[in-house]
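We call the chains A, B, C and D, going by the order they appear; numbering starts again at 1 in every chain.
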Amino acid sequence: MEAWRTAIVDARDGEIRIRGNDVTSLMTERTFTDTVFLLHRARLPADQERAMLDAILSAVADHGSGAPSCAAARLAISGNRASVSAAVAAGILTIGDEHGGAGSGCMEMIAAGVERARRESLTFEECASRIVGEHRAIGKRVAGFGHRVHTDDPRTPVLFDLAARNGLAGDGIRLIKAMHAAVSAQVKPMTINVDGSMAAVLYDMGFQPVFARLLFIIGRVAGLTAEVMEELDRERPMRIRVPVVYDGEGGSTPSESE
Amino acid sequence: MEAWRTAIVDARDGEIRIRGNDVTSLMTERTFTDTVFLLHRARLPADQERAMLDAILSAVADHGSGAPSCAAARLAISGNRASVSAAVAAGILTIGDEHGGAGSGCMEMIAAGVERARRESLTFEECASRIVGEHRAIGKRVAGFGHRVHTDDPRTPVLFDLAARNGLAGDGIRLIKAMHAAVSAQVKPMTINVDGSMAAVLYDMGFQPVFARLLFIIGRVAGLTAEVMEELDRERPMRIRVPVVYDGEGGSTPSESE
Amino acid sequence: MEAWRTAIVDARDGEIRIRGNDVTSLMTERTFTDTVFLLHRARLPADQERAMLDAILSAVADHGSGAPSCAAARLAISGNRASVSAAVAAGILTIGDEHGGAGSGCMEMIAAGVERARRESLTFEECASRIVGEHRAIGKRVAGFGHRVHTDDPRTPVLFDLAARNGLAGDGIRLIKAMHAAVSAQVKPMTINVDGSMAAVLYDMGFQPVFARLLFIIGRVAGLTAEVMEELDRERPMRIRVPVVYDGEGGSTPSESE
Amino acid sequence: MEAWRTAIVDARDGEIRIRGNDVTSLMTERTFTDTVFLLHRARLPADQERAMLDAILSAVADHGSGAPSCAAARLAISGNRASVSAAVAAGILTIGDEHGGAGSGCMEMIAAGVERARRESLTFEECASRIVGEHRAIGKRVAGFGHRVHTDDPRTPVLFDLAARNGLAGDGIRLIKAMHAAVSAQVKPMTINVDGSMAAVLYDMGFQPVFARLLFIIGRVAGLTAEVMEELDRERPMRIRVPVVYDGEGGSTPSESE
């Protein structure tokens, strides 16, 4: 088998280097968030950059046991008590465009919008208005807006304030704020949700779009492990019963699943 | 990299052989259930053996959308609409000792019990009585008995009848029936569930214990794919809301997850 | 929590009905492949339909231990010896557009092509030629053609012959054959692979595109469970070593992973 | 459906509280590692406690692309290019007793050993000697010792030094050091690996055994996301080929998997 190439980790007897940094110095002199940044950017972060990642990771760590990712992890450990790895994985598998993963699509939209404003000499307000109009024309939701629970997502202003204070606010945040106005005018008032605000911040920090979803996963895993531990501590196996109504051939009746 | 060894499949340009059988002859002359048997036993089944596997696979394919495996698959596709692989995998991850996987432990218990009856010159009734007593003494449930929904699991007598008709009933079925009597006498009346009856049948057919869980997975996957397809066809993304009550620091209140 | 609706399974004490069929009659009178068909089509198959599903399921069950799905399952059970559910799930997670999942995209292409031929009054040859030309123009591969191992995929003619013999060959097979000629003329000679031939057959049988990937998963799971069982039987834990070369900061050197 | 109970997160319109702490204050005043601690211990850490978690999380984040978890994630994204969630989950599924998960078993052994020393009035040296002897008698490996790559795991002395400097070293570290001497005397010289050293440290910090595996997962996920991103950036789909030799019925020959 041809050897795999990597520029991430070099390990040999007695030594582990991550992106050229000895792991023992990372352990003693750096935070885990520094290591997260280093792994994905191939350099250590400035203090301001670390502060932003810390804020995003805590923002997405958990949103309640009934969130699809948390609920799936609990269902898995309830039926398969022996494997916490399986339960955490089940939770991660629920993360996609509809849950936790909208940030990547939103970053792509922001990147395309900033480029378009430059190319077509549009103000961000004009550009945002057109993007929203085009979404409406094809009946597509604009990624990064609206939330099942929050009228105003409390995490968004915190991320924008932090970015401003840390000198990291740029075109991404400017554009999504313009889009917020356009969405509110053309569709209805909708909060910039945490997917949208983290997408804008990560764009301004120079990350690739795929990183938004990856960073959500890193943060959420800490919530999933806590949910799994609580389920093991507090609940009996197979305690979960989902109410089901059968409405297929032969009538509509409450049904009992195993 | 050292080459991996396998005795399952040999593939090369224009030819695929499974356990020495050309896949094209399997496709035209055999059923999928034959291929399942062949893959795990390295020979094709007799008609009676195929009939037993067919019965078990249909028996466990699905037990309703609220079963942990089915519910987890639906949660996953609801949040991560793009990946049916991820949803099916999430469903499989819920399968363990508590859900769908008890058959393997039950087969180990049966194998040990049959061996013990022989070694200690016990009747199966005596042996079953001791095993149940020993479980009671350490407060452990006897695998293969009881069901959340069924007072009498309707799949169990069908499997036993089929095994008898096909000439495949042996010590496994004899022992689990003796255990059924012992459980009912010493604990309370409890049905032999499908995990228990399939364990007895698979033991009598000469399978390894791990195969009980693997066969459950093969059968259940067909249910999971159907559940995923129905969720995609009939429901909107992120429709699932699990009711949650927060009872931690600061009081007990209904909570809303994302 | 609002009850979930389903038309697949109705279960209650002593009774399990799949699409209105009592599971005990499926167990005794039908094959597992019938149950697979029933779960996804809400009716039992004709003999010809069952024969096609059996052929497809055996065709995709396994293609060697080094296939990504099989290799991932083996890696998982090698590191996480206790959970066969986790290993099978890891195998399924490798299935996507590039591995095992091309059939769904191919079915969508076939459905659109058949509809376009009708709408634009094109022969299938004309339609196929345009579709291939359009793929070339944007540098996109045509789904369903070419194979890493097979110059001529041996499973494809078998599926087409079976479909003809069973009276199930229709526009799907006609169109993909026309595409085969167009690909060979415009690009290079390439086999219709099993993803392409199963897509054509499933289209002619009236299935939805998503079913192609789901059916691949059902078939492949039987191979994954056999691969997992062989790894457990024949190999020691953590035996797998992937050779790695580090080519990042600080030079290019062979590296040793844990 | 009966509401689920949780003491982790309380979310409602405009507010998210984790263990009673407003998420916005965690975002601005705390690190992600604080949030990890908070989620699992229901209180914020002291500086010394945070430093230990940071060190452990960086220690286990990645150990090279060929580690089973990293290799499985790469295999998955190579075949299923569209789903980073699926790839990260595949990586997690390889984590078990043999890979990454030994810390939990090691913590249980430490907890039992400390208790036993107290109960039987043994010195830690005597207790360690007996434990190692008992493992040898039943041919069982002692969890937490030995490493495929490292003669001396470079992470272990760093963790022990940090624990000492932070005033968190206790019976766990004392016992595992005694066991190290016993293993070296009775079996052969073997390093305390990172699973063993983190187990000792986490025991001394008052964590439950299951947390060792959960914490490994949290740290490793950051490596998995980086491995997945590099595979997407640098490699073509389906590039991975595992060499396979077929040694089943009909002879021993190199085989080609799909």
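Basically, a contact is a pair of C-beta atoms (placed from the backbone, for glycine too) under 8 Å apart; a residue touches a chain by one contact, two chains touch by 3 or more.
This structure is a prediction, so every number in the text was calculated from the model and none was measured.
The minimal number of chain-to-chain contact steps leading from subunit B to subunit D is 1.
Most remote chain with respect to subunit C, judged by CA-atom centres, is D.
We define each chain's centre as the mean of its Cα atoms; on that basis subunit C and subunit D are separated by 35 Å.
If you average the Cα atoms of subunit B and of subunit C, the two centres end up 23 Å apart. Each chain gets one centre point, the mean of its Cα atoms, and the points for subunit A and subunit C are 30 Å apart. The residues of subunit D that reach two or more other chains are 1-2, 4-13, 63-66, 71, 80, 82-83, 85-86, 89-90, 93-96, 101, 149, 240-244, 246, 255-258, listed in rising order.
The touch graph of the protein chains shown is complete. Of all residues in subunit D, only 1-13, 17, 19-20, 42, 80, 82-83, 85-86, 89, 93, 242-250, 253-258 touch subunit B in the complex they form. Residues of subunit D touching subunit C in their complex: 1, 63-72, 75-76, 78-83, 86-87, 89-90, 93-101, 147-149, 237-238, 240-244, 246, 255-258. Contacts from subunit A toward subunit D in the complex involve residues 1-2, 4-16, 18, 23-24, 26-28, 30-36, 39-40, 53-55, 57-59, 61-66, 71, 74, 83-86, 88-90, 92-96, 101, 149-152, 154-155, 158-159, 162, 208, 210-211, 213-215, 217-219, 221-223, 225-230, 232, 234, 240-243.
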